[in-house]
Every structure is written in structure tokens, then in C-alpha cells.
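First subunit A sits with subunit B, and in the next complex the same chain sits with subunit C.
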Partner chain A sequence: MFKKLSLFSKLSVLWVGLMFFFAIAGRLLPIADPTEFFEVQGAGLFSPGHILGTDMNGYDLFANIVVGSRYSLLIAIFSVGFGSLIGGILGIAAGYLRGKTDYVLSVLFNIFLSIPNLILSLVLIAVLATSSDPNEPASETRRIIVIIISLTIVIIPILGRITRGATLAWTSSEFVVAAKSMGMKDMMIIRRHIVPNVLPSIYAVAFLAVGIVIVVEGSLSLLGIGVGNGTSWGSMLARAQGDLEYAPIALFVPLTFLGLTVIACNQVGDALRQRLDSRESKL
Partner chain B sequence: MSELLKVNNLDVRFDTARGVLHAVKGVSFDLKPGESLGIVGESGSGKTVLSRATMGLLTMSTAKKSGSVKLNDVELTDLSRSDLRSKWGTEMAIVFQDPMTALNPVRRIGDQIAEGPRIRLGMSKKDAKQRAIELLKMVQIAEPEKVLKKFPLQLSGGMRQRVMIAIAIACNPEILFADEPTTALDVTVQAQILGLISSLRKQLNMSLVLVTHDLGVVAGHTDKIAVMYAGEIVEMAPTKELFSNVRMPYTEALLNSIPRITNQSGIRLPVIEGRLPDPTLPQNGCGFSARCKYATEKCHTERPQLVDGGNGHMYRCFFPLGVNK
Partner chain C sequence: MAFIATGPFDFFCSWLFVSICYRLFGGSKLRKLNQTLQAFTKLVLVLLGATFLLSLIVRLLPGSPADFYTNALDEEGRLAQIKDLGLDRNVISGYLHWLFDFVRGDFGPFFMSGGGTRPTSLIISQAVPRSLLIMLYVQVVSLLISIPLGLITAYRADKATDRVISTALFTGSAIPGFALALALGYYLGVRLQMFPTIGYVPMSEGLGEHFKHLVLPVISLSVPLCASYSRILRTEIISTLRQDFVTMAVSKGISNSRVLVKHVLRPSSTALITTASLNMGGLIGGTVIIDQIFALGGMGQQITFAVFARQYIALQSYIALIAVAFILFTVLADALIGVVDPRTKNRNV
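Our next item is the complex of A and B:
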């Protein structure tokens, strides 16, 4: 199966795989301590001992990329996972049941789509991610959970609309009428006939959404409300933003990783959709 | 023999943007066990709506249905959705017109055939697979084990229609509705599929309702024929009687417009001029009067009723052919 992919798709799969490996094995790898100050500040690429250089604080960038991939990917995967699951279920319900359910859900989707996602996250984090003691910041875990929740809310209407559209098209297809005419129950029809047909479009959009979420997480960090102190790619950007003149590498490295991961995710989503879609002839 | 299916005064209207569309106007027919009925009519005459309304498959909120449909003396129009559902597949099943769209493109043939026996008859996975192979053999598909693993797009149109038939008969229905089962197929394959449906009907002792726009299709395969025009049955008779004593001018016009091998070359094929009346407008007089070459003043103003002309031959015409008044 892997052999049949195009070169671009192969590279994308390898890249996404590598990022996952970083996220999972992160600290077990022989990398520098990401929180240690080294003497070389603002070192360029391929400096001795620091393959991707260091930033103005003397942090090793490669070590921070590897460790930062964990939160970046964790947030992306959980929010897209929950978002697609809930959005998919709501979308199928709207598209299959039609009528009032469809109307109410569609209006809700549109309302949530019309709220700028950064502002939504900002509000949620401001309200939920606070500790009881005003002098002490909320714990990191709590912050991450709130970020995941707010990004899930961003993803739900996107996936919901896509799924609703696809479901609508398949529900009126003749094989659904045929299944009905054989006495199948609605849940059975949804499980056996609607879901397999709708899944490819959900996958494609979900992978696209992983890219979006990684970028949004970066923007949140830039605004100072993401995960703190260089523990994700976005917060690496936030930490380095003031040092553009002195150590541009500290910005370029996380940006490159962020960009490549987004592109690779889109490509993997596309390749996956093509492989899963048996309607596209393989002759 | 008592009737298996009794349709009485079935009426279907749709609310559309242009007004109420009267698709089926008080149609009645009945069917004995093992008997076959052909419903013939041109596009838009209400054949498909009639067959789906009989099964109770019209679920659009804009459809309004009245009249009675009795299957084994059970009134179907009174049944709840779940009670009706329990009859679908096991007591009546339908074969659709287009096998390209009526099969799920992303599921294997075997799963789609086994679905009915698995869920409706409660068979185990293994038994259902056996049943699927058996069904594929019944619809004369070679190498059924191989076909089970294929996707619909890997099969030809004729094969797909055979699979559709296999799915429809999977739970041993008493009545099979075939809604233009051969329209989407090659002429050479059409004959095979019709032959297959006929032989399966005899083999399984099913009743058959064959809906088509082609009189030639029903000629050899049904016991009775009902000719539909503008939502009404305009002529109904046993097949032999209908072809030897055509009463209704519309049926005569239909028969004349079939090309014949004995026709002299260079002669234009007779066609029926004009179109079906607009189903959203109220209708005065006989629906066919505007296109009928025998029509008189009476035909345009009064509505003819379905009359029994003996030999089980019913027609809806003031001036039936071959009858002197």
C-alpha cells in the first residue's frame, strides 16, 4: 500500500510519522536538556553540539522542537479527534433526520462558525483556565484541557457542516431507499450505508483541521494564552518573537516544523481519502 | 384463490411549488399468489409512484396518500412505520431501475447480499454467506465466491442487476416489485434479466409486479397487464386478451409505435403526438382526449369510468375499439 503512494505522499507520511515519534519518544532520545542554558546564544544551523542552533537564551532548538512536538500534536489530535467525532455524529443526525433537527443544528453550526475562533478560545481560557488563587497561574494540565475544549468547539461546526452535506447526498441515494425497502432500521442504514460513504470526506477534512489547529495553537501561544514557556512549537515562537534581529533562527526553526507538518497532514489526508475511496477506480 | 395483494382506490398527491400534483388517481388492482402483473405507461404516467406507494415507500413529507392497500388481508396504510418495515424484504421487496445507484459503492457485494438474511432472518455470519452464494447461483452468476468479494464498480450492469435481484429475493418475499428493471441495461441483457425474473418467480412461487414503459417487455412475462396513463389505469386485461382485443385507443397507439421487423423501410414510425396532460391542473374529460384520433366532444368534457367489458377486460373509454354501440 505504501509503495503505491506518490513521492510527495510518501515524504508526508514519513514526516508525520517522525513527528509522532518525537512526540511519543521525545525525552528518551539523546538530546540536550531543553531547559538548559548553553553558552552559545543565537548559534546557527549545524553548530557543534546544536544541530538546529540555539536561541538568544541559549536553549537548544532541536531539543525544544522534539519536546514541543508533544503538546502541539497532543492538542491537535485530541481536539480534532473529539471535534470530528461530535461534529460527525451531529452532521449525520442533521443530514439523515432532516426537518427540525437539521434546522436547529445548521443554525447552531452557523452561529459557531461566525465567532472568530481566536476570540472564542481567548474567552474560554480566560474564564475556565484560572486558578482559585489569583496570584498563582492555573496548572498546565488544566490549561491544556481548556485549550483542547476550545479548539474542539472550533472544529465541531466545520466537520458538522461537511458531514451534513455528504450525508444529505447519500441519504437520498437509491441504495438507501433499497436498504429501507429490505426492512433495515435507520441505525442500521446509518452504520452500514451512510458512515462508510461519509468517512472519506471526514478524514480529508480532519487532517486539514489538524493543520489548522496546530496553527491556531501557535497563535494562542503568541498571544500569551497558550501552553507556557517554550513547551510547544507555538510557545517557542512566542518566546523568540522579540529576538528576530539577533537570532532569526529561533523563529525560523519552529516555523519550518509547523509549516511542514501542516502541509504533510494535508497531503496524508488527501492520500488517505483516495485510498479509502473505492469509488475511485483503481484500474 | 384469495387475493394476496388488494389495492383499492389508491390516490397519491404531491405538494409542489406549482400546486398539487396528482400523480396517481384512484388506482385499484389485485394480485393472486404467484400471479404476475405488468404495469405499462410512458414516462410520467405514475407507474413508479404507484409501485412505491403500494409498498409504502413514499416517505416524503409532501406526499399525500389515500385509499387502501391490503396484503394478506392486513391493511398496510394503517400500519406504523416499524410494523410496515417488518413486512419489507420478507413479504414484499423491490428491484430498482438503476443498478449503478441502487448498490452501495463502498461495500462488498457479499456484505450487501448477506445483510438481509443476517438482519431480517437472524442468520449467523457463516449461514448468511452460504445463503449469499446460493442466491448468486440462483441469479446465475458464475463463480459466486469470487463475486462476493468484489465491489459494485467491478461488475457489469447486467451482473449488478442480477445482484439487485439476489438482494431483493434474499428473504423470500411473497411479492416482488420490479421497477423498470431492464431500462438501464443493454437490449441483449434485458431479455436475460427478464427471463431470470420470470423463472425465479415460478421457482419461488412469488407474485410479480413488473413496471415498465415497454409493452414488449411485459408481453411474454406477465399474466395480466395494466396500462397507465396520466395516473390512471386506462386498460387492464389478461395478457392474451389485451393483445388480441385492444379496446383503448391509447394502448393501440402504444402498440403501433413499436418498431416491427416487417415494417417497410423508409416509412416513418408512428408516434403518439402531444404530451401527457399537466398533472398539476384539474382534468376535464378523458386524459388522453387531446391526443386521441377518435376523440369526440364528449371525450373532452366528460370523464370516462373504468368499465368491465367481459373476460376480465377493463377499459376507460366511451368509444372502445372493436365494440359497436
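Our next item is the complex of A and C:
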């Protein structure tokens, strides 16, 4: 299966794999301490001891990238995971049951989709992550959980709409009509016939959604309400933005990693969708 | 109750009238009108839902707006101020007040930090023209770039030219807008000092400065759009090229480039028009981060500010305006598609 992919897709799969490896095994790797101040500030690429250089505070950029991949990917995977699960269930319900359920769910999806996703997550995070006592900022764990919850809410309608469309198409296919006419129970039809056919399109869109979530996380950090203090790629950007004139490298390293990961996720999603299309055209 | 007579009530009456007509006569034209109205009802529902949802969430923010926007020293004066500003209304009554004001064209108060208000329409009248202008530039630039690219990639489909351009476009579509904005801002703005990286200059204060300030934001917003537009155009053109009338035109001896531009482009552009119109709404308010990076003072920046400053009434107006613009552009695009491709008029949609 891997051999059939194009070169670009192979590279993308490898890149996503590498980032996952960083996220899981990050602190076990022989890297510098991400919170240690080194004496060289604003060192360039491939300088001795710092393969990607250092920023204006003297933080080692490679170590920060490796450790930052953990929160960036953690947020992306959990929010897309929960979002696909809930959005998928709601989408299948809307597409299979039709009628009033479909109308209500579609209007709800449209309501959430009509608010730009960055603004929706901004409002949600502002509500959930602000502690009532202004002197005591919300803890880091709570912030991450809140970001995951808000991004899940943003992802649900996107996945819901896609799943609904796919379910509508499969519900009207002959084998589902046949199963219905033979008296198969609805739950059984959904489990045996709808879900296996709808899942591939959910996977394809979920990879695209991972890209979206990584970007939104970066944007939130730039607006100042993301994960704090350089522990994710987005917050590395936010930290480097002020020192742009002195250490542009501190901005471009996380930007490159973020951009490449988004491109790779999109490519994997696209390759999955193409496989799906070819499978459907063979039918 | 005078305000009800021009607004939702009228709309309801006309809907009732049409439904009754439909029940009585049934004609196909009336059916189409009824379908349009049903779609419209759905849009209005979405609009009301989105604004109500946002007002609900913003009201959940810790600390009530009453604490932020009153400055009277004694309790009595404070209560009077709260009543004056309308901050004592509960969610539903506050929402209904905003709704009836909005329908009449009043965008509600924008609370000042020292107590007192100024009309939100002042802010809107400053921010909306900017956002509209930027959106217009972005659309024009991306269409000008993506139409030739779409034509080339479709004409040379699956050849080396197509592969290279398509891969480049795909990469372009995946680059986050803010990454591009920050990178361009550094190289062209800070390093080479070619373009200013901050602020907005209105057209009246010099055309050159105006465009100079907008080059970077427009590029950062256009690149992802170019990519998606040319991909859509490519697929559409490839399917149009298989049509009989194209074979006919080619066999009559018309040159390839003429066939592409005169015969193929027009019927292939319907999907492009739809996508472009869908992007309009998003571009007005969804450019939050680019607005913020380049300090353009458009709708995106105002929305962010309204969230942090708990301006829930202004926020409702902003979102509602964007949604209304979104609906208007969709209707406009439908009309445009009818002109560009008359075949769609006979379709029973």
C-alpha cells in the first residue's frame, strides 16, 4: 500500500511519522534542555551544539521544536478525534434518519459554521479559560483541556456536514434498500453497511482537519490566548514575534515545521481521498 | 409596536400568503418561490441562532459588563447607569431589543470604559469599507492569477507543466496565511524596507501609499485562494474539454487558445463563481489574524477586540452583518451564474 503512493505522499507520511515520534519520544532524545538559557543568542542554523540555532533568550530551538510538537499534536489529535467521533455520530444520525432530525442538525451545523472558526474558538476559550480571580491565571493543564474542548466544538460541524453527505449517498444505495426490505434493524444497517463505507471519507477529512487545528492553535497563540510560554509551536511563534529584527531564525524555524506538518497532513488526506475515489469508480 | 410592522411580521405574512397560494394553485413558479422562501427561512434561522449563540457565550464570560462600563461612585447612580445602558436586561430580553434595533438599522451601543456609549455604527462605518476594499483586491488578484493557471494546468493535464504547477499550488494552499504574512513582513517589510508592515492608509490620502500598505496583506490572503481557485477551475475545465461542442469547435479549425478562452472558460466558471462568493463572507470577518498582524483596523480586528472587551451587543451586530453580506453575495452569485451559463436556468433545482 505504501509503495503505491507518489513520492510526495511518501515524504508526507514519513514527515508526519517523524513528528509523531518527536511528540511521543521527545524528552527521551539526546537534546538540549528546552528551558536552559545558552550563552549564544540568536545563533544561526547548524551552529555548533545547536543544530537549528537559538533564539534571543538563548533557548535551543531544536529542543523547543521537539518538545513543542507534543502539545501541538496532542491538541490536534484529541480535538480532531473527539470532533470526528461526535460529528460522525451526529452526521450519520442526520443523514440516515432524515426528516426533522436532519433539519434541526443541519441548521445547528450551519449556525456553528457561519461563525468564523477562529472567532468561535476565541470566544469559547475566553469563556472557559478565564478564572474568576484575575490575579490567579488559569493553570496550564486547564488551558490545554479548554483549547481541546473549544477546537472539538469547532471541528464537530465540519465533520458532521461531510458525514451527513456521505451517509445520504450510501443510504440510497441498493444494498441498504435491500437490507431494509429484508427487515434488518436500523442499528444493524448503520453498523454493518453505513459506518464501514462512511469511515474512509471521515479519515480523509480528519487529516485535513488536523492541519486546520494546528493552524488555529498557532493563530490563537499569536492572539495571546494559546498555550503559554513556548511549549507549543504556536507559542514559540508568539514568543519570537517580538524579536523578529534580531533573531528571525526563532520565527522561521517553528513556521517551517508548522507549515511542513500542515502540508504533509493535507497531502496524506488528499492521497486517502484519491484512493477512495478510485475505489468508488471501480464499483 | 410600530416596529413589528416592518420586519419579521411582514416576512411571516408574505410566507403565509405564498403557502396558501401554493396550496390553492400549485404552479411550478409558485413552487419555486416557495422553495426559495424555505431556503430563506433556513438562512434566517441560522442567522438568529449564530447571533444568539454568540451573545449567550459572551455573557458567560466571568465578570459582568456592568462592572466594566459603569463609573458612578454611589450605588444609586450605578444602578441608574446600568438601567440606562440596558445592562440589566436578561439574555433573552437583551437579545430581542438588539434584534428589533438591528432590523431597523440601529447597530446598538458600544460601551465606553468610563460609562456612556457611542453608536456601534460609527465603528462599522469605518471598518466595513476597509474590509470590503481588501476583500475586493484579494478576489481580483486571485482571480487574475488563478484563471490563467487553471487554463494551463487543465490544457496540459497530467503533463510535466501541470504536475509542477499543481504541486506548487497544493503547497501554497496548505501554507497558513499568518506564516506567509510573518515571513513576507520580515523579508519585504523589515529587511528590504519595500513595503510598510503596519497600518492602513485610506485612498483619499494618496493612492500610492494606499496600495503600498495593502500589498503584503493582499498577498498573504491571496495565495491560499489562488490555489483553491485554480484547482477548482482545472477540474471543471477538464470535464468541459470532453464535451461534444469542444470537439466540434476544434474540428472547425478554431485555434486551441481561442477555444479555451471563448468556448471552454465560460461554461467551466460556475463552480468558481460559487466558491468565490462563499469566500466573500469569510474574507470580510474571517481575516482576524491578518488584520491583527498588519493592524489594518478591519472587521476582523474589531471582532477580536469586541470579544476581549465583552461588547456583546456590538459583536452580535458584526456577526449578523457578516452573515447578511454572506447571504447577499450568495444571491448575487446565483444571479451571475444564470448570466454566465444560461443552461442552468432550465434546471429544476
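One rule holds for everything that comes next: the second predicted complex is superposed on the first by the 269 of 283 C-alpha atoms of A that agree within 3 Å, B and C clash if a C-alpha of one lies under 4 Å from a C-alpha of the other, contacts with A are read in each partner's own complex, and residues count from 1 in each chain.
FYI, a contact is a pair of C-beta atoms (placed from the backbone, for glycine too) under 8 Å apart; a residue touches a chain by one contact, two chains touch by 3 or more.
Model, not experiment: these values are computed from the prediction.
Undergrad: Overlay done on subunit A, so just call it for subunit B and subunit C: clash or fit.
TA: Aligned on subunit A, subunit C fits beside subunit B.
Undergrad: Once chain A of both complexes is superposed, is A:G218 in touch with subunit B (first), subunit C (second), both, or neither?
TA: A:G218: touches subunit C, not subunit B.
Undergrad: According to the stated criteria, A:Q274 is in contact with first (subunit B), second (subunit C), both, or neither; which is it?
TA: Neither partner.
Undergrad: Which angle, in steps of 10°, is spanned at subunit A by subunit B and subunit C when each chain is reduced to its C-alpha centre?
TA: 80
Undergrad: Identify the partner contact of A:V107: answer first if only subunit B is touched, second if only subunit C is, both if each is, neither if none is.
TA: second
Undergrad: A:N57 in the overlay: touching subunit B, subunit C, both, or neither? Say first, second, both or neither.
TA: In the superposition, A:N57 touches no partner, neither subunit B nor subunit C.
Undergrad: With both complexes overlaid on chain A, does A:V127 touch subunit B (first), subunit C (second), both or neither?
TA: Touch partner of A:V127: subunit C, not subunit B.
Undergrad: Using the superposition described at the top, determine whether subunit B or subunit C touches more residues of subunit A.
TA: After superposing on chain A, more of subunit A is contacted by C.
Undergrad: Tell me the contact category for A:L255 with respect to subunit B and subunit C: first, second, both or neither.
TA: second
Undergrad: Classify the contacts of A:I115 with the two partner chains as first (subunit B alone), second (subunit C alone), both, or neither.
TA: The answer is second: A:I115 touches subunit C but not subunit B.
Undergrad: Considering only touches as defined above, state whether A:S47 meets subunit B (first), subunit C (second), both or neither.
TA: Neither partner.
Undergrad: After the two structures are laid over each other on chain A, how near do the C-alpha atoms of subunit B and subunit C get, in Å?
TA: Once the two complexes are overlaid, subunit B and subunit C approach no closer than 8 Å between C-alpha atoms.
Undergrad: Tell me, which parts of subunit A touch subunit B in their complex?
TA: 99, 173-175, 177-185, 188, 192-193, 196-197, 277-279, 281
Undergrad: Going by the contact rule set out above, which residues of subunit B touch subunit A in the complex?
TA: 55, 57, 59, 61, 85-90, 93-94, 96, 98, 101-107, 111, 115-116, 119-120, 151, 153, 164, 167-168, 170-171
Undergrad: How about subunit C: which of its residues touch subunit A in the complex?
TA: Touch list, subunit C to subunit A: 42, 45-47, 49-50, 53-54, 57-58, 60-63, 167, 170-171, 173-176, 178-179, 182-183, 185-186, 190, 282, 285-286, 288-289, 292-293, 303-304, 307-308, 319, 322-323, 326.
Undergrad: Note which residues of subunit A are touching subunit C in the complex, please.
TA: 8, 106-108, 110-112, 114-119, 122-124, 126-127, 130-132, 211, 215, 218-219, 222-223, 237, 241, 244-245, 248, 251-252, 255, 258-259, 262-263, 266-267, 270
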